[in-house]
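Shared between the two complexes below is subunit A, which has subunit B as its partner in the first and subunit C in the second.
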Partner chain A sequence: MVGAAILAIIGGMVANWFVMQRRYQKRILEMSDAQQSIRQASWNMIQELRTARNLIYPRLNADKSIKSDTMTVFKNFSGDIVCYYHYPETGEIRRCVVPNDSGAPIIDTKPIATRIDKVAFTSHDLGNRLLGIYLESGNTVGLESVYLLNE
Partner chain B sequence: MVMVIGLIAIMMPVIFMLSRIGGSQTQLAIKYHENLVAETVAFSGSNAGLSRLQGNIRGYQDLPDESSGEEKYALNIRPTGAGFFGQTLYFLLTNAKIKSHNYTLMAEAEQFKPEPTPPVLVISRDYWNTVEPYEISLMADVLSMQNYRGMELLRLEETRTFERQSTLDQYKSEMQAKKLRLPAEIQSGWDKIVTTLVDEKISE
Partner chain C sequence: MNRRALSLTEVILALAIAVMVMVPVTSMFSTSGQQVQKSRNFSFAAALARRISQHLMAMPFEDIVDLPGQSIHDAPDDGFFNPVLNFANDQSGLKRINASEMPTLHGFLEMNDFKYALSVSNVSFGAGDEIKSIAIFITWKETGRDMIYRTHIYVSSV
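Our next item is the complex of A and B:
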């Protein structure tokens, strides 16, 4: 009887420890997934934005205050117009290239980021070269900024 | 006792497996973090190159082991000729490598003559980036990068020519015509974007 009780206590402790481990692992997994999504999204966008030429949208408000939106539009290295926009239904950031001549717009079949709940692209300077990127995935947030190098 | 040992023997591999899964996901997040850091370090290396040119340091410069914080970058400044005003033209190349990830920035720079003392005027333009593992001190690799960059510059020339040769109305109607083929998320703000594009159109 005493042996059974000791066994039950030990079993309970071990089971409790197991449940705690599972909860902890789940939390770690969710956070690392979110961090990965945010880093991947930032990397994909900053790669192209760094060598872009001009930020078309968003731009500062008329009173010179900052402006944010869920999409951004800029001229890339080749002078074509590139749009990044958030698609809230699927949590994706998508990319669309609008040729800066007579061609038709091309929407990328693959999103450049997934599992992104909120996005805010913020214009920060009068010269239209500094863009802030706020990303939210689950309870994790990421904030990056990129300076457009080319004219 | 045997039951307890048996229970632990079953659970330990499960917990180990779960921790491994968490670990590999974290490694992926770290990988993208390293990518961004490599890019930032290369960018600071490029600024260091511009500072050298502004300080009137002239001619070929190969600095393969420079530091930016805890990370290293390589800097290569390669003269390519002289400009119309007697300024020296350069290819400015910077590379940062963190573990297996490479990031290279390539730009053109014009270094003017000191009048009368440094800092001298430096104009940098057409920055181009790649994550391919090029060796920036090797001429063959530099030529290869030049070719890739050149293709994109040719496209830039096409888009600029189109802007120059179109009238304001032609350019506006061409851009407006694309609206219906855009995703709904962009369509709502497209008119404002077209206004900005037309206002800033390149003219002859």
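Our next item is the complex of A and C:
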């Protein structure tokens, strides 16, 4: 009887431990996914922004203070106008291109990144070549900047 | 029918076996969690260093000087991190990395005590042609250990 009672207590403790471990693993997995989302978003945007010609939006405020927005517009290496924008309902960052020659704007079928809760693109310099990128996914954050090389 | 209950000896034996199995499993779970956190901190440190390097390229050449270890959160305006955001059309909307304006970012930076430092070396080629070799250090604390990420960039005066 005593043995069975001890066994029941031990069993309960082990079951509880498993539930806790499951929660912990879920949290770790979410953190890992968030990290991956941020890395993917940064990498995809920075690759194009680095070789871009100049930043169209956002630009510094009239009083020369920095300016942020959830979208950015720039002229890429080929002269196309490109826009990255955050779609909060789905947590996606999407890319839209206005071609340099004639043609309608094209929205990429696949998003640049998913599961992104907050995005802020910030213009940092008068020359419109330095863009700060802030990303938030869950409790994971990303803080990047990119300097446009091809003005 | 002889229905035996479990004896105390049997229970203790079973418990000992269970503990022997559980200990390595527990350490395996905690190790995987630590690995994810380590990877997250390292990626974040690399991103911070990249951010500093990009800001250095836009800075006036003469303003690039040695910088001792400085916290990123609750720090004075520095051109690299603070102020970090501004959704308004004038400076009234400037947001800095502190607990009230950027709670998620501030919490993460404070928890790991992220800091940065710059070490600048000047190389002169004469006639105003100079290069600055800049070492960027990012340091943070992780489960009581001091961690460091280091990268170099070169900025030309021309």
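What we mean here is this: the second predicted complex is superposed on the first by the 151 of 151 C-alpha atoms of A that agree within 3 Å, B and C clash if a C-alpha of one lies under 4 Å from a C-alpha of the other, contacts with A are read in each partner's own complex, and residues count from 1 in each chain.
Definition applied: a residue touches a chain if its C-beta (ideal position, glycine included) is under 8 Å from a C-beta of that chain, and two chains touch if they have at least 3 such contacts.
Bear in mind the structure is a predicted one, so any value in this text is a computation, not a measurement.
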Who does A:73 touch here: subunit B (first), subunit C (second), both, or neither? first
In the overlaid three-chain picture, which partner chain does A:42 touch, first (subunit B) or second (subunit C), both, or neither? both
According to the stated criteria, A:28 is in contact with first (subunit B), second (subunit C), both, or neither; which is it? both
Is A:57 touching the first partner subunit B, the second partner subunit C, both, or neither of them? first
With the two complexes superposed on chain A, say which partner A:98 touches: subunit B (first), subunit C (second), both, or neither. first
Looking at A:90, would you say it contacts subunit B, subunit C, both, or neither? Reply first, second, both or neither. neither
First, second, both or neither for A:120, with subunit B first and subunit C second: second
Just checking: does A:10 make contact with subunit B only, subunit C only, both, or neither of them? Give me first, second, both or neither. both
Residue by residue on subunit A, keep only those touching subunit B in one complex and subunit C in the other, then list them. 7, 10, 14, 21, 25, 28, 32, 35, 39, 42, 69, 144
Sites on subunit B touched by subunit A in the complex: 3-4, 7-8, 11, 15, 18-19, 21-22, 25-26, 28-29, 31-33, 35-36, 39, 43, 107, 125-129, 131, 152-153, 155-156, 158-160, 162-163, 174-175, 178, 181-183, 185-186, 189, 192-193, 196-197, 200
Would you mind writing out the residues of subunit A in touch with subunit B in their complex? 7, 10-11, 14, 18, 21-22, 25, 28-29, 32-33, 35-36, 39-40, 42-43, 46-47, 50-51, 54, 56-57, 59, 69-71, 73, 77-81, 83, 85-87, 94, 96, 98-102, 104-105, 107, 144, 149-151
What does subunit A use to touch subunit C in their complex? 1-4, 6-7, 10, 14, 17, 21, 24-25, 28, 31-32, 35, 39, 42, 61-63, 65-69, 120, 122, 124-125, 127, 129-130, 132, 134, 136, 139-147
For the complex, give me every residue of subunit C touching subunit A. 5-8, 10-11, 14-15, 18, 22, 26, 29, 32-33, 36-37, 39-40, 43-44, 47-48, 50-51, 54-55, 57-58, 81, 83-91, 94, 104-105, 107-108
